[in-house]
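Below you'll find the structure, written out as structure tokens, and then a few comments.
Per-chain residue numbering starts at 1, and chain names A, B, C and D are given in the order in which the chains are listed.
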Amino acid sequence: MTLLHCLILAFILFTIGIFGVLTNRHLIGMLISIEIMLNAANINFVAFAYFKAQDPTAGTLFSIFSIAITACEMAVALAILIAMYRKHHSLDVNTQEINHE
Amino acid sequence: MIAIIPDILLLLFPFLMLAFKLFLTQAQTAHKNFAFAYLFILLICQNFVLIGDTQVYFSNWQIDTFGIFMREIFTLSALLALLLSENYFKHSMSEKPKLFHFSEFAASIGFATFGGVVVVSANDLLTLFLGLELATIPMYALVAWNKRDSEGTEAAIKYILMGSVATAFELFGFSYLYGFAGHLTFPEIAQALQTNQASPLIWISVLFIISGIGFKMTLFPFHLWAPDVYEGAPTPVTAILSVTSKSIAIAFLTVLVFGPLNAIHQEIVPFLALLAGITLLAGNLGALSQSKLRRFMAFSSISQAGYILIALLGNSPEGKYAIIYYLFLYTFSNYLAFFIFSTISKDQSETFISLNGLSEKSKFLAIALLIALMSLAGIPPLAGFFGKLQIFTAAAENKHYFLILFAVLNNVLALYYYIQVLKSAWIDKPAKEIALSVSTKQKTIILILTLSVLLLGFLPFLSNNLSIALL
Amino acid sequence: MNNLISHSYLILLFPLLSFVINGLFLCFKHRKAAAILSTSLSGLGAIFAIFLVVQFFISGAKPLTAWEFEFLSFSGNLIATIGCLLDSLSAMMVLTVSLIAFVVHIYSIGYMQDDLSSGRFFALLSLFVFSMLGLVIATNIFQTFIFWELVGVSSYLLIGFWYNKPSAVAASKQAFILTRFADSFFLLGIILLSYIAKSFVFSDINSLRLENFAGQMISLGIIEIPTNDALVLSTLLIFIGGWGKSAMFPLHIWLPNAMEGPTPVSSIIHSATMVVAGVYLVARLFPLFAISGNVLEIVMIVGTITMLFAAIIACTQKDIKRILAYSTLSQLGYMMLALGSARLTDGSVHTLGYTAATFHIFTHAFFKCMLFLIAGALIHQVHTNDLEAMGGLRKKMPWTYAASLIACLAIAGIPPFSGFYSKDEILITAYQAGHPIIFACALFTSFLTAFYMFRLFFLAFHGKMRSAPKHPVHESLLMTLPILLLVIPTIFAGFSFKNIFHHFFTPENITAISHNIPDVSFIPPLAICCAVLGIIFSYILYASPKANLAKALDSDNRNTFYKTIYNKFYFDEIYYTFVRQFILGGLASFARFLEEKIIGSLVNFFSTIIHKAGSLVRSAHCGYIPFYIGVMILGVLFWYFASNLPLQGA
Amino acid sequence: MFEKVLLNLLWILPFLTVLFSIPIKENSPRLKRFHLASAGIVLLSSIYLLVRVFQNTVSNTSSQFQLLFETKFNWLNAISANYFIGIDALSSMMLVLAAIIIFTGILATWRLEKNQKIFFGFFQILAASVYGVFISFDLVLFFVFYEMEALCMYLLIAGFGSGNKDYGAKKLTLTLAIGSSMILAVFLGIYAETGTWNLLKLSDIVLPENFQFWAFPILFLGFAVSSSLFPFHFWSPAGHSAAPTAVSMFAAGVMMKMGAYGCLRIAIYLMPEGAKIWLPYLLLLIAFNVIVGPFIAMRHKDLKFITAYSSISHLGLIFLGLAAMTPIAFRGAALQMVSHGFLTGLFFATIGMIYSRTHTRDITQMSGLMKAIPFIGVGFVIAGFAGLGLPGLSGFVAEATIFVGSFENPSPLCRVITILAILSITATAIYILRCANKMLHGPLNIPKESLPQAYFEEKCIIVFYIVCLLILGIFPAPFAEFLDTSIFPIYSNLMR
């Protein structure tokens, strides 16, 4: 396992995330896909820290912080989703968008 | 140690607000007045921070001149946003139900503002990222503040989904930057960029970082969310989105571009130039025939983002100076516009039509509107013009003549749509007479803002003081 | 006596004063005062002019610049000045203009006494006199142009004096525009000439020599021509100015139409003074014309055509003023012909033409002015211009009748009246120049002149009244006196001044050539014969007891030829068609089409494009989240390719 | 010192007037008088300054402007922009022109019924902007004043105009904004190349030839937009026809001159090489103005359209003078700027008076007005005569100077266009006379009671302008030589 393998893995994950966001019509599903994208970045950090970096602690720290922040973000997101669900009783993007003009 | 005190005070602000909420449940007005007074005093404190060499606290909390001025802008914006929001907590508006929980609202704004402070104080990528997230996450909540307003919730959904995608891009870009440099601290990244051959890794990382921040700064084509969110959010939140959020984003870019990435500034510049050009064109075109004021302001702020970006094409001190100067004036002009819109929105929707007959009802408001919009359009001798002038001068030093020509010609488009608003306020006759009720407090604020917009550009004090500090 | 010349600024001052005072203070409310003021000032002017001119000729008639001040200095030598050049030509013109102005002023008091706006009339008349005097005393061609335009505008204002009469308004506009059209060439000529000569001053211009410019070239934009040719061209362009002002064919049509103005105006502006400005200009620049190759021939041909053409038309007209107008045209043609035929076929130039033309300006001014005054008197009494409605006025207006007989004899060229002498000179010039056809034309025109003038005379005064006048016809003193005053020069100007003209009126810088002058002694009797023939002819047709007046005056049942002449060869119609179809309908419509359809729609096109782009941008903001995110991701890809970052190999 | 203060007051006074007029009662006679008094003071000071400059100017042979009564201090240090004002021959003449037009503009609006405070307030700001343009010798300051008019122009036209006013106002404001954008871009370029905005310092620095090549046409055309050079002239008919009288007078009389002034003072002065390369080609654009303009005017019936196209063609003559690049032609252009200001001011003023009485501007609907309102009619006719270049009025002097001057330029294109321009004076006569004849002459078709005689202030306006036209038309020599002191530096810079 080399750095390249990890980077390719991360990239594939990132692409999967993108694909997921684009194709999912369910808001929760989209959030999960976004989570995958964020984790791909985390893998990058860890991989760089492990294989290459002069300052390996920084990379690992970064990924831990980012996981925590992502959690916050998701918490807010879920709160908004709940507010949304209370109004619309649905979390499908297709039913929700207000078409402007 | 003195320089960090305002930062600590700012950090305390949200906690104090929450504490008030917990312990003094009844004194609603006191909350508000406390918040205004606190932020106002904070602003004055920040003003007393000595400007000079960069000071570093806790190994990565760096306070430099740029940061000090940005702090002032953030605090100013927060103060104005709270003042603007006051009425929205008092009674419901024609379009939106009444807002609740002022303390939490103020606390969220406080957190977002502190996020901005973190961004400009950051000395490594991690802090930078933390600051950005700290500034962003409260914004998501603020957009959705009004639970009973489904539009607001939907806007928040859009905002948070796209914001998260943008965060992912940014994080991905950061990871490559880290991978390239092997460090997270700015000086070491800068050194790595200077010594090593620039590899494709770095370019991808730059592309991802700029795309990610492009979302916050509403750069083309990451700006699509802005009109919907600006429209859906409560008006004070819209104002803060268009000022604080944008300022934080541009501060983020400035910190990066003139900091660690300065070594590859020349290579990034064409990209930034294209981004700026296309963004301001897109913003201007979008604003051409709008009918809703907040949506209109969204497009206008998109094009303003394009203008600010032009400053990054210049060299470090001039570019930073131009950005700060512009942001100051932009803050005043933009809030002035929002304050005026808020006065009409009590009984009417925030659309162009509601402005009709404003000049008959209140000459004062109509003139203030004229000044605000013409300042945004960059007509001398109003503040906005001088802001743009500084930006263009910064870019001209690096001979980006073509972009400048393109940008100034775009000004004409901007002038067109600002005139459309003026037409509604000055020329068109209202279908039915609806009385305006403007409180003295609002009038005072509007008067102060109007005078600032009128004089801050033309009179040399602000400009010269900033230039002494920054250049 | 020298102080008279040093006070020659008074020439201009009197009429200017009259114009300013009248125009500012008296124009609207005090018309009587205006009339008296301007008449007395013009009387003073006339007296001063007489003394001045007499003194000038007594002191030897040396050309001199009496006074001069700078108007505008362009560069170096190119200085436009306003000054007073006194030489025999300008002295003669000053005298003529001042005298006629005075006479017409007196006449106008009577003629305009019922008109409520006569204050304005006198103001404008003074303006005209001022401009005309400024024109004739000009020291340089720039000054000429300045006053040339001023006489043009005063003519415009006076023709359109009765501005609520549409025909008068139309005529004034036509007169102004046609002369303006010619003036634009005049101005161009001046600029070209001054560019070559580096001076505006007449003495410099008249001493130009073609040899000095040999080998030089000058660019006229599309083509480059030798400076010599450019000089000739500029002379031609300047002549075009005179062409318009003197209403030479085919720019003549404004003059007959200008008769819509008050009759005193016709008499002073459109017969005696302003219209001879063209002739005066050619005479003033005669040395320049003399060196300018074929321009003099053009002058001659234009003069001949106008002379003949106008005389033919005059024979058929019924409007008394129009007949006189065509007669003026014809006489102007004579003068031009005289100037033009100064150039002999061998290329040399002799001076008789110049003398003849200036002499004819002088004599013609008096009798033609008088004829107009008479016409005015008739119109004032019978309230119509139409000869058909007149007749039999001999008894009612005996003084006028006598005066008009003298005037008609003078214009017809019967000795000893003045017209005979000057016309005789012209005929001699034409003959000497070696153009037999031109000479024949001139002789024939002389016959026609006698014919149409006596046609007018007989129709107006003889026979019996063909319509009953509304008021009793009588002669008013104020109008008859000026007519009688003019009888004096009409009788005496010919033989008494002939020698003066021969002595003093030779152009500078031209040496008279006196070789092989053919015998001309047969010309005077021949001319008299022609004139007498014309008189007899018209007597038979219009005044003899057997004459069938009804038939002679009938213009409807005539052959095409007569009708063509009667309708002035349809020149008015051609002109209107040209203006409407070509200028307004063609050029102007095209210009407007260009402006509105092409430029306007280009502008609209741009704004449409921008609005389209705007709605395109707006339609992207559809509110659909997956679309937004998709665009974001595509945006990253887009910038991957478009950002100019050195991403290759990534 | 007194002159210095006066010069600064020129632009400060209008602002102060606006400020102090806020407490005055709306639509009261005091308000009007207050504004009139302020404009009158400015007018008197500008005349005084003209006299002082006239006394102090000596003939100039250097390539530097002879600047008097300078005030200079640092302004925006960050971009080293200075507050730098001064006055010389050309600017003092233009100042007087502007002051006269502002003064008469206020008089022409004397009978405005409502919203006077707004109208006069904005009008004073316009005034400040033009005074500033003519006295500032720092590019930033110049631009601030130059662009300031965009602030008020739209509202003045759309709020107080007539006809298709919103459209016209937008067209005018936006097109002018295009021009000023181009100017701003080049100013920034000049600053980046040289590091200074000071016009006097800049004249010593030779801008790189490559820069001049690109920048000159942009700058020149940018200025030419406000002087309605083809193809940027389209704002003028729409704008003028919509604007209220005073604004039309201002726009045609002063604002359109600001562009030509900038072309001469800044574009040609700072970029002589660019001028030499480009001006011969720009002649083609000028041809449209000069030659096609009058023909378009012939086909219009609306008085303001006619006058707008007449302005276009007259402004074309200014550009012909500039493009010919000879000292006489430059002087002619400068004279034409002043002269056309007066004549077009008179034109629009009389048109406004006629419109306020007949409520139509269609010349085919009016007839015989001379009978009812002779004073105004005479004013119109004299403006017309000045427009068609009658000697004795200022138009002739300016036009003749331009023609003589531009004929001295030996380039073929310049010759052709000069020749055509001279010949096109007939066309000018045609439309002006057509207009006067249709409208003023003939039988009166409107009841005389609805046509009150000229009011006192209207008479004042007319007399004022006629006096100006006559002074300049009869005694042009002192003015021409006076202007030469400002023209010569430009020419000598060009020949360097």
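We adopt the following convention: a residue touches a chain if its C-beta (ideal position, glycine included) is under 8 Å from a C-beta of that chain, and two chains touch if they have at least 3 such contacts.
Just so it is clear, the structure is predicted and the values come from calculations on it, not from any experiment.
Chemist: Tell me which chain's centre, taken as the mean of its C-alpha atoms, is farthest from subunit B.
Modeler: Most remote chain from subunit B, centroid-wise, comes out as C.
Chemist: More C-beta contacts across A-B or across B-C?
Modeler: Result: the pair with more contacts is A-B.
Chemist: Among all chains, which one's averaged Cα position is nearest the averaged Cα position of every protein chain shown?
Modeler: D
Chemist: How big is the gap, in whole Å, between where the Cα atoms of subunit A centre and where those of subunit B centre?
Modeler: Roughly 26 Å, centre to centre.
Chemist: Per the centroid of Cα atoms for each chain, what is the distance between subunit B and subunit C, given in Å?
Modeler: For subunit B versus subunit C, the centre distance works out to 76 Å.
Chemist: Counting in whole Å, what is the centre-to-centre distance of subunit A and subunit D, each centre being its mean C-alpha position?
Modeler: Each chain reduced to its C-alpha mean, subunit A and subunit D end up 63 Å apart.
Chemist: As a quick test, compute the distance in whole Å between the mean CA positions of subunit C and subunit D.
Modeler: From the centre of subunit C to the centre of subunit D is 36 Å.
Chemist: Considering subunit B alone, which of its residues make contact with at least two other chains?
Modeler: Those would be 157, 161, 165, 169, 227-228.
Chemist: Could you say which residues in subunit C touch two or more other chains, in rising order?
Modeler: 618, 621, 623, 625, 629, 633
Chemist: Could you list which residues of subunit D touch at least two other chains?
Modeler: Residues: none.
Chemist: Can you name every chain pair that touches?
Modeler: Once each pair is checked, the touching ones are A-B, A-C, B-C, B-D, C-D.
Chemist: Per the contact definition, I'd like the list of subunit C residues that touch subunit D in the complex.
Modeler: Subunit C reaches subunit D through residues 28, 70-75, 78, 80, 142, 145-147, 149-150, 153, 156, 160, 163-164, 166, 169-170, 172-173, 176-177, 180-181, 183-185, 187-188, 191-192, 194-195, 219-222, 583-584, 587-592, 594-595, 599-600, 602-603.
Chemist: Which bits of subunit C are touching subunit A when the two form their complex?
Modeler: Residues 618-619, 621-626, 629-630, 633.
Chemist: Give every residue of subunit C touching subunit B within the complex, in rising order.
Modeler: For this pair, the touching residues of subunit C are 610-611, 613-618, 620-621, 623, 625, 627-629, 631-636, 638-640, 642-650.
Chemist: Which stretch or stretches of subunit B touch subunit D in the complex?
Modeler: Residues 318, 321, 325, 359, 363, 370, 374, 379-382, 385-386, 389-390, 392-393, 396-397, 399, 401, 404-405, 408-409, 411-412, 415-416, 419, 422-423, 426-427, 458, 460, 463-464, 466-468, 471 of subunit B touch subunit D in their complex.
Chemist: Where on subunit D is subunit B touching in the complex?
Modeler: It comes out as residues 74-79, 117-118, 140, 143-145, 147-148, 150-151, 154-155, 158-159, 166, 170, 173-174, 177-178, 181-182, 184-185, 188-189, 191-192, 214, 218.
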